[in-house]
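The chains carry the letters A, B and C, assigned in the order they are written, with residues numbered from 1 in each.
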């Protein structure tokens, strides 16, 4: 049994967060809420997402798995207005997810979750923790896209920095400690990443919302942020690129 | 002789209504106003449109036919602002329509109307009449496009409904009597239509403007709405699709 | 040595003015300001641009030439907001232009200016001078694009006119003296031009900003306008098309 009511914007945010990595996901439904974990087809990035029961306006569920095509869910969610509430219901008879927005009813055929294994979160050594307003990162990432396809992230006691280098051009964005919400880097850390992935991972976090970055040396980066009034949380992991120099 | 002044928005609306079906039309000009009737090349849909002399700010005309390329008229009308008035004049010498917007003058070569016959409106048995706000339909039609290329329209004493069915997914939008402006369906009616056509036919009607639907059983649907302060009227006819079941 | 601060909008305007003609330019830097002169690859149009030192918020420079790729400068300028100030600095060591917007630093590799010769401004006989609000021209040029690929400009004592003629259709826009900011045409002048070029030349001048047109008979047209509070000036020259009639 699964019956829930949720703000359209929370469901849209979930789709925005997950769909850059995968189109088909296995939702783990439990009385405590909904969670999912998925890796992209290239095995470069992982997303781990949790929406607590408290994020819903109404929530009744027992343990189950729902295989969802996010393109389908996204296409109907586009028709929901900013303040709309969406009703979700699992129809066991037809094995479909019923999505209701006002008088509109879309029934989405569920996909088979048999082959969808749960990826494991690796053990990571990420000594630096940086909390930054999303909008402060955005400009640096966009500028970097013009000169390279990879970006270095650096942190030390005094600042956090993005750096990208092309054949003739470079981009860097240095955010000193006083421009960050929080900086805790006991040692100097530096890792290199694909800009495409990194860019799509910061995109769901808008304006001056905080984004926490966990950084190591030639290690994956972990990005974490909350949404739905802190009743939901997303974590991305992105594998490093090997420096060719 | 044909000399007229009309609000740009009325002429733009005429183009928006007719151009999804045909690019070249024969305008029937008379002292009472302008009318046209046209079918699309696939003979699936017909439009019948009338702009009364009272819709014009100035109007002087004798009986004549004008063959108009709507792409040409549309391209110059794009340059008219929201509150602009457009002057229209038939130049017999050069066989052109003179369109004046402020100081701008576009002369449009007319097309030969010799081969353009007037399509006949078929006799139809459409017992159900539904009047609905255009915006209430829009969401259901957009959602239906994602699951199928045809849509069923249903009406009975209690409600009006759109229904679309794909391989795994369905969409339906049920509007009960109290959400409709008017519902008069003495018997249950149901017909199936191409979503593409139906979607382009409701697009010219904006927001909460009323749209009247005449529906039968496996019969064409008739859509009717007014514009230009009720001084103009458009009617679409759309042939049904044969149900494959 | 070159170190300067300038409003982002002034630098963006420079790019908007020059980039329709060329992507790579040689900036002539001197203590008095920056200037450039360039012709498009087809040798149909020339741009001559000057930004005085007074247009800058800070300005220190000695005589030098900077070879700039406008696509690169444009890509980073897109990230500057409306009220942003941009810092420019020539880095002699690395032969790069350093562009700073807030905490963002883009270093742009300069291009070799050795082969880039200074085009000469030809001697022209342009007896008519017309000053017009840019927005009044815009509609006529857009309408002309729909009927032809060339446009005639005409001026006499009483009016200024655009005229375009296609196979069946014509467009003209006549602006009488009282709708112009200024008209000084001692004799009738008429020349024909490519609409594409003319259209891209009036595009950087927005709304009711004045644009001065110098016109002759079968001669190039000269377009002139100021920006950055009259501390900068752009001049376009456009070669005439030969009338085929």
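One rule holds in what follows: a residue touches a chain if its C-beta (ideal position, glycine included) is under 8 Å from a C-beta of that chain, and two chains touch if they have at least 3 such contacts.
A quick note: this is a predicted structure, and the numbers were derived from the prediction, not measured.
In the contact between subunit A and subunit C, the residue numbers used by both copies make up under half of all numbers at that interface. Rotating subunit B by 120 degrees superposes its CA atoms on those of subunit C, with the angle stated to the nearest 5.
With centres defined as mean CA coordinates, subunit C is found 45 Å away from subunit A. Residue positions of subunit A in touch with at least two other chains are not found. Those residues of subunit C that touch subunit A in the complex are listed here as 72, 75-76, 78-79, 96, 101-109. On the subunit C side of its complex with subunit B, the touching residues are 136, 139-140, 142-143, 146-147, 167-175, 179.
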